[in-house]
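Note that the chains are named A, B, C and D in the order they appear, and that numbering of residues resets to 1 at the start of each chain.
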Amino acid sequence: MPVSDISYRKRFLTKDNVYLPHLVMIEKIIDETPDTRTFHFNFKDKGLREEFPFKSGQFGEYSIFGIGEAPFCISSSPTRYDRLEFTVRRVGSLTNALHRLSVGAEIGFRGPYGNGFPLDLLEDKNLVFVAGGIGLAPLRSLIWNVIDNRDKYKNIDIIYGARSPADLCFKYDLKNWDKDKSINMVTTVDKGDKTWKGRVGFVPQVLEEVAPSADNAVAIACGPPIMIRFTFPVLAKLGFTPEQMITTLEKRMKCGIGKCGRCNIGNLYVCRDGPVFTYAQIKDFISDEY
Amino acid sequence: MNQKISKKDISKLLDELGKEFKVFSPSRESGVTTFAEWDGRDSSFLEWYRNTVISPKAQLQPLYEKMFSFHKDKEGYHLELPPPTDKKLIFGIRPCDAKALMIIDKTFQDTYQDPYYLDKRKNTLLVGLGCTNPYDSCFCTSLGLSPTQSSDVDLMLTDIGDEFLIEAVTDRGIKLIKKTSYLKEATKTDKSKAEEARRQASSKVTRRLDTKDLAKRLLSSFDDQDFWEKVSNKCISCGICTLLCPTCYCFDISDELVKKEGSRFRSGDSCAFPVYTKMPMENPRLEKWRRVRQKVCHKYEFYPMSFEVIACSGCGRCIRLCPVNWDITQILASLPVKVKA
Amino acid sequence: MTNREAEQRLRDEAKSLLESAKVDYIVGFADGSLKFHTTPLITRNKDDVDHLVINPFMASNLAKFLTELEGRVGIVAKGCDSRSIVSLVQDNKVSREKVVIVGIPCRGMINLSKIEQLAGKESDEIDDITRQGDKVVVKLDGSEKEIPVKEVLFDHCLACELPTPKEYDLLIDEPIPATPDEEASQAKINKLEELSHHERWRFWQNEFSRCIRCYACRNVCPACYCQRCFVEEAEPQWILSIPKWQDNLIFQIIRNIHLAGRCTDCGECERACPVNIPLRSLSKEMYDLVGELFRFKSGMEIDAAPLLTHYELEEAEDFFR
Amino acid sequence: MAQDSEWEPKLVGFLCRWCSYAGADLAGTSRKKYPANIGIIKVPCSGRVDPLFILKALRLGFDGVLVSGCHPGECHYQTGNYRARRKIALTKKFLEYMGIDPRRLQASWISASEGGKFTEVTTQVTKELKEAGPNELFADDK
C-alpha cells in the first residue's frame, strides 16, 4: 500500500501548519462498555463539515488542550452521517480526560492520517471481519462502508468477540448486522454471564469453528495483539494466504505523520505507511517489534 | 574566483552581518560550547573552537519550541501560532553539522512539510568553517565527508594562517559575498595554502567506520539477540548520544497549561528512553538491547532504506560525550555478519 | 605491588571466578576507545578478563549495573563503588550472596576536565597523563608539566572517606588510608552558601536552564534504581516533559531528596552531565545534611537500617511547631 | 519584592486524617477563626507526604506548604510521623540550600483535640508567608 497521497489534505490544513488542530465539538457520547466510550463530533467550522474527506481505517490526532494529544481511528464510516465518531478506551491520562468530557466540549482534531483500508482490493471479494474488543472500531467504519456499497462485495462474515457481554462494543450495530440477512454475524465472549445466550469462546477458536472459506476472500482482523497472534495461524489453516490477511496496527504515536520517530517497525512508520498492513508485509518486517 | 578575509576582521564582519541576520557563532557558556547569538564580544572562539557540545542543529530544531498557544473564552478555544522566524546566519558550522541538517531535511520534507523546522531552515544561512583540528572521536571521512569542504553550506571558509579563504557554495552565498565588506581577492598562494590545509585536516581524522554494505550487514545481524545484548550491556540508556546528535530529530509533543491559557510544545525525545514507545498495555522496545538496536539500525539501515543517506555525519559527539564511552564505530566494526566484497 | 602486578592479579582472580563458576558475570573496567578513558567491561567470557585494567581513569560507578544483571556478579569496586553496593544491599535491591566484591584500593580518580582546564587543551590533544605519587605529569606538545594531584582529582575524591572498600570479598593490593580534605572538596558549595536565598535560586535557575533532560545523571546513578521514575508518571504528571528550567530544577531537587541516605557522594551525576551542571553541589549538600541531622553515612555499615525507613525517638524536632 | 497590603498568601496544608485534619475540623466546629488562606488536602498520614507534593504546590504558585501530623508517639500507624519527620527535616534544609525561603515549608504536630493549636499555627504561618511575600520562584521571567 502506497504512502498516503496527501494532496487532498492540503486544503484542510489550518494556516498551512500540519500540527495545528481543527476545533471540533463533541455532539454525543455513547457508553459502549464500562471503560469505553464513543464520541460523535463535528467541526466547529461549518465549511469543513460538508466535505471532510477520509477513508475507513484512517486515524486522527485528538487533543484536549492542556492535556495532550493521542491518535485514535475514526470509527464511523465515510458513507454515513455528517459527523465523525471515535471510540476510546480509558487507559491513560488523555483517554481519562476524554472520558471526563461532556457534550458540547471543544477539542482539537487533526487528520485524517495513515493509509486506510485498500477498498479496491476488497471489491468482488468475500470479506471476513475478525475483531476483538475495541478492535471493532476501525473495522466498524469499513463494515458500514461495505454495507452501504453492498453490491460491490460478495459474502460478509463478521466474527466479533469480547471478554464478557458487557465488554462488547457497538451493541446497536451488532444488532443491525445480526438482522441483516446478507451478513453472517457471529458474536462471542470469552466468558458469559447469566443473561448471555450466545457463543462462548475465544475469537480465534470461534473463527476456526465458523471456518469461512478462503476462496476469493480477504480477512480483515483487528484486536488486541494476543488475539491477532492467534488469529493469523487459524486463517492460514483455513487457506488464507498472507496477502489475503489484513490488519491494522497500533503504536505509541505523537506526530501522526512520520516525523517524531517512535512508531517505526523497521523502516516503516505505522502512522505514515500504515496503520493498515497485509500479513504479507508484517511477516516480512525485519523487526519483531509489532 | 575566491575571496579571503583577515581573522582580525571577523568580529567586524559578524557585526556587519548582525545588521541583517541574527548571527550565531561558537560560544562557551558556563563551560559548555554551543552556538550563541553574536553580541559583538570577541572572536576568541577562533582560538578554541573545534566543535560544540550543542550542535548548531539547535538553532533549527531547538531542544524545545512552542508549536502554538491556546486560550479559551466564551466562544471557545483560540489557537495562535508563534511569530515567524528571524533571518538567521550560523557562522562557523562544521561540514559534519551542515551535512547533518541536509540529512534531517529529508524527514522534515517527507510527505508532510514540517513548518517549524523548514521555515527556520529556509531563513538560515550557513557559513561553514573548515575543521583543521578534529577530535580523536571524529570519523566524518568514513561517511564521505571532508572536514574542510562542504556542499551543504552557503559559504565555506578555510583557515590559511592569518586569513580565511572564502568560497561561495550556493547562490545565496554569492549574494552574501557581494554585499559584505572586509573581503579581499584571494591569490594563487592563498589557494594552494588552502589545499594544503585541507589535505592535512583530512589526514587528522583517524577514526574509521566501514560503511561498505553496512545496511546489509545490519540487516543480517538484526535478529542476533546475543550480539545486541552484548553491545548494549554497558549502555545506561541516557539520552546524551541522541539528544546531542545533529542527525537525531525525534521529538515529543506535550502541553503546558496555566489556568485557561497554555501552549503546545515539542521537545527532543530519545529512543534510548523506555517511555518513548510505551503504550498503556505494552511496550515494543522495553528491553535495552532493542532500544540500542533501534538507534543503530535507524541511523545506518532504516534511514538509508528510506532516504538513501546514512543518518550520521561522523561528528563523533556520541562517542565523546558518552559517560561510559560506548563507541558506535567499535560496535559497527564488531557486527557478527560480514558481507564479503 | 606495582600497578601491573595488581592488574595481573585482578585478571587472574576474575578468570578464576568465572572458571570456577562462582560468578556468571565479571563487571570491571577496560581501556576505552578514547584517550584517558575507561569503559565498563561486562562479560561472561573468561577471555575478556584480560582487558581488565586498573588506572586513575576508572571514574564510573559500576554498582549501577548490579540491579540490571541477573545471576551472580563479580564486580570491581573502588571504595565509593563498594558503598553504593552496600547501600543497594541495605535496600534489598541486591543480594549480598550474589555479589563478589573485588575491592580496589583507590588513590582518587583524575578529572579530565580539570586537566583540560589547566593544560588549556582538550584531552585528546594531550600526549600522556601519568600519576607519580602526589603529582600528575602531563605531557603536551613535547613538554612535561607537573601538577599536584589534588588539583586534578574529582572533588568527591578529595573528600573520600573510604578509599579502600570496607565490604569486600577479595582485595587487590594494600589498603589505603583515608585522608579527606573537606575544605578543598567543598569549595564550590561553600561559595554558594555565601549567597543570599535569592541569589542561590537564581544561580540554580541559570544552571538548570541548560539541562537537556538526557537523564544521564539519573541513569548513571546506582541509587536511582526505581523501575519507574516520578518524572515519567503521567497521572498525575508531576513535571512537564519539556525541559523548562523550572521542571528540570524540580526533577533534580526531588531526585536528591529521594536519594537521601542512598547517595554515597560518588560524583557520577556531575561527571556524566554533558552540559556541565554542578550536580555534586546538590548531592554533596544532601549527603552532608544526612550526616549532620541523623549522623548517617550511606553505604558504610552493611547492617545499618536505611535512613528513611528508620528513626530515632528524639531528633529533628526543631523543624516542627 | 513588590507586594501590596491587600495581597494574601495562599498555602496548602497536607493534614493527616487521624489528627491534624480532625483538629482543623474541630477548629471549624468550635468556631475558632483560622485564616481562609489555607487549602486543605487530607492525607492518610504525614508520612504519605512526598517532598514532590511540596515542590508541586510551589510550582503551581502556592506561597507555602504546611505539613501537619500526629504528635510523636501518637501515629495511627505507629511510625509514619517519625518517618515524615526525617523527610521534612531534610527537605526543609535542602530547599533552603537551593534558595527557597525556609518559611515556605512549615510543619507541625496537631492532634485531633487541638483545634486551638491549628488556628494558632495557620495564623502564624500565614503571617510569616505574608512577610515572605508572593512566591515568584518558578515565574517564567527567563
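The criterion applied here is as follows: a contact is a pair of C-beta atoms (placed from the backbone, for glycine too) under 8 Å apart; a residue touches a chain by one contact, two chains touch by 3 or more.
Just so you know, these numbers come straight off a predicted model, no measurement behind them.
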Which chain, with its centre taken as the mean C-alpha position, is closest to the global C-alpha centre?
-> B
Looking at C-D and A-C, which one has the bigger number of contacting C-beta pairs?
-> C-D
Please work out the Cα centroid separation of chain C and chain D, and write it as a whole number of Å.
-> 35
Taking each chain's centre as the mean position of its Cα atoms, how many Å separate chain A from chain C?
-> 50
Chain A to chain B: how many Å between their CA centres?
-> 39
Distance between the centres, which are taken as Cα means, of chain C and chain B, whole angstrom = 31
Among the residues of chain C, pick out those that touch two or more other chains and give their numbers.
-> 206, 244
Spell out, as numbers or ranges, the residues of chain D touching 2 or more other chains.
-> none
Touching two or more other chains, which residues of chain A qualify?
-> 92
Chains touching one another, given as label pairs in label order | A-B, A-C, B-C, C-D
Of all residues in chain B, which touch chain C in the complex?
-> 29-32, 50, 53-54, 63-64, 133, 135-137, 233-234, 236-240, 243-244, 252, 254, 256, 265, 267-268, 270, 273, 275, 288, 319-321, 323-327, 329-330
Okay, in this complex, where on chain C does chain D touch?
-> 192-193, 195-206, 209, 230, 238-239, 244-247, 249-250, 253-254, 256-258, 260, 282, 285-286, 289-290, 293-294, 307-309, 311, 313-317, 319-321
Chain A contacts chain B in the complex at 3-4, 6, 14-21, 23, 44, 63, 65-69, 91-92, 95, 106, 108, 224-225, 250-252, 254-255, 257-264, 266-267, 272, 286-290
Interfacial residue positions of chain D with respect to chain C in the complex | 51-52, 55-56, 59, 72-73, 79, 82-83, 85-101, 106-109, 121, 124, 137-138, 140, 142
Would you mind writing out the residues of chain C in touch with chain A in their complex?
-> 234-235, 237
